[in-house]
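The structures considered in this document are given below.
Two complexes are shown next, each including chain A; its partner changes from chain B in the first to chain C in the second.
Up next is the complex of A and B:
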């Protein structure tokens, strides 16, 4: 068993444990720590596969941005002295259906990469990512940017559009 | 395998470096603020009070580690470490000499900006797990502030990527030219101000605000865990100073060899002193002013700097 596989096993273990804690923890601070561990180990996976750019971006956007905003929202909505916020759901069956469907979709999409190691060997270096994003994929890249801008404007209109 | 060993070695080295910087930095800040406020500062222990911080360290280590009765014990215990570890990590990508950075990575600039962002979670968890109104308000303020100031701070170093054509700090240090200093003046001001804000230091210390929030998110901490928060603050100050000195002033290009490293240390000390100077000179900002400065002043300034550099690059 090489050192690489040990690292991989640790990362996978942390990711699984983080995911389980996120779903089953009763206390919301534990959930946040579980989610943080999960997102951090995903960043670790990117670094493990030599995609350091994606790893750092994962850290920046998800751990430093999305997770913090998430915690921020919970903290502002629920008083910290209450301990655990109201996190019950009445949509168990719908959630399971959506999660299962998403899982099948991801597995079908990634099936070819697992079986074909050549297709799995994607571009990983920062230069290659930049060359692909600003070369053949430039239109898609710009479209995503325009879409995100539209989303931001929509959020501003929905949240702050009221007349004072 | 060797990569893991070196990771541990450099991690420990960063921890020791921060400890030394905190020992000297606290003494220097107390002397410096004393001079600003026309008093002497520490003077009893050692020459010019140099051993005062060492004595304080012994006191902090021996002090009882108090955990509030209603606190979430596990989270309360690990929160200081979540704040400290990313800041120690960010120190390993800084170029300390021409052609030498402990972790030489092609995404160094992004790494330096992204990894300390993780410590926001530690700050929020510290405020939250204390189950204390002051601490909670401090945690929320810190999160809002640190997210807002990350944007101008990251934008302020992007011109380097344009000028050097690389995100590797060593490439930027190698490509450094003297005319970068006047060209990047706006970016440097944005970097310095947003770094101070990112560290929650005065005049941006609303999350701590000792006169209104007692000490904000670490109000309930004492002893060694409080000391870890302090070390994180001085570690962040050190990181901002050394990174700024190496990139904005190119000491290794100005002077060759060991002289460049000496110049680098002097420049870093000057930058750290300027950041302390700001703390002891300006009054604390109001929360609405704080957000206004980040979004309406610093971010547009950083964008103007980026456009300026973008206009220069094609003519090189």
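Up next is the complex of A and C:
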């Protein structure tokens, strides 16, 4: 067993543990910590494949931005509603059938086509990413920028418009 | 094969969370797990360096697409959490089984 497969197994274990804690935790704080572990391990996967730029973006945007957003939303929401948050589950059997069925379906359909990338498979520098972002994908890049501005305005209107 | 199993396990766990969670914030967190696993599978597929639909996809394209997905996911989380805060202010609850009315 090579060192690369050990690293892959550790990353996969952390990601799975984080995802399971996110979905099954009864406590909101534990849910956020599970989400943090999951997002960090995804960034770890990107660095493991040497997609370093993507790993850094994942760290900045997700762990630095979205996670803080979640914490803020939990602070705002669960202060204005009385009592502790209800996180318990329902419809267990049907949901596990749907989720497990989808898993089996996709894995059996794609198992011959998806191969494992080796560690450090992507040796792209930021210059190559920039050449793609400002070259063939320039339209996408600009549209994402416009969409982010629209999202900013929309969030201000949605959250701020209620109070008078 | 390992990558596919890990990503699909994460996706299934997230889907299960979306279907079973009762709190709106927890549903959004489960959606984040689903989105993260999809990004993981996409970037992993790109990292194999194989031909996809007859064309060679370079690492720059894969990383740029990944950046686009991450930015879109961040925008989705921002809008979703803003809606959750607005709902919590108006109805004093975020339990989805209490939010049954359609009329605003």
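The rule is simple: the second predicted complex is superposed on the first by the 118 of 164 C-alpha atoms of A that agree within 3 Å, B and C clash if a C-alpha of one lies under 4 Å from a C-alpha of the other, contacts with A are read in each partner's own complex, and residues count from 1 in each chain.
In this section, contacts are C-beta pairs under 8 Å (C-beta built on N, C-alpha and C of every residue); 3 or more make two chains touch, one makes a residue touch a chain.
Because the structure is a prediction, the values reported are computed rather than measured.
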item: Which superposed partner A:27 touches (first chain B, second chain C, both, neither); value: first
item: First (chain B), second (chain C), both or neither touched by A:3; value: first
item: Touched partner set for A:59, first chain B, second chain C, both or neither; value: first
item: Greater chain A contact set [chain C / chain B]; value: C
item: Touching partner for A:69 - first (chain B), second (chain C), both, neither; value: both
item: Chain B versus chain C as contact partner of A:36, first or second or both or neither; value: first
item: Partner chain in contact with A:107 - chain B first, chain C second, else both or neither; value: second
item: Residues on chain A lying within both footprints (that of chain B and that of chain C); value: 32, 53, 57, 65, 69, 72, 76, 80-81
item: Chain A residues within the chain B interface of the complex; value: 3, 7, 27, 29-30, 32-33, 36, 40, 52-53, 56-57, 59-60, 63-65, 67-69, 71-72, 75-76, 80-81, 83, 125-127
item: Of chain B, residues touching chain A in the complex; value: 1, 4, 72, 75, 105-107, 110-111, 113-115, 117-118, 120-121, 124-125, 127-129, 131, 133, 136, 139-140, 143-144, 146-147, 150, 167
item: Residue ranges of chain C touching chain A (in the complex, touch as defined); value: 1-6, 8-17, 19-26, 28-30, 32-33, 36-37, 39-41, 43-50, 58-68, 70-75, 77-79, 81-86, 88-90, 92-95, 97
item: List of chain A residues in touch with chain C within their complex; value: 8, 12, 15-16, 19-20, 22-24, 28, 31-32, 35, 38-39, 42, 45-46, 49, 51, 53-54, 57-58, 61-62, 65-66, 69-70, 72-74, 76-78, 80-82, 85-92, 94-96, 98-100, 102-103, 106-107, 110-111, 114-117, 121-124, 128-129, 131-133, 136-137, 140, 144, 147-148, 151, 154-155, 158-159, 162-163
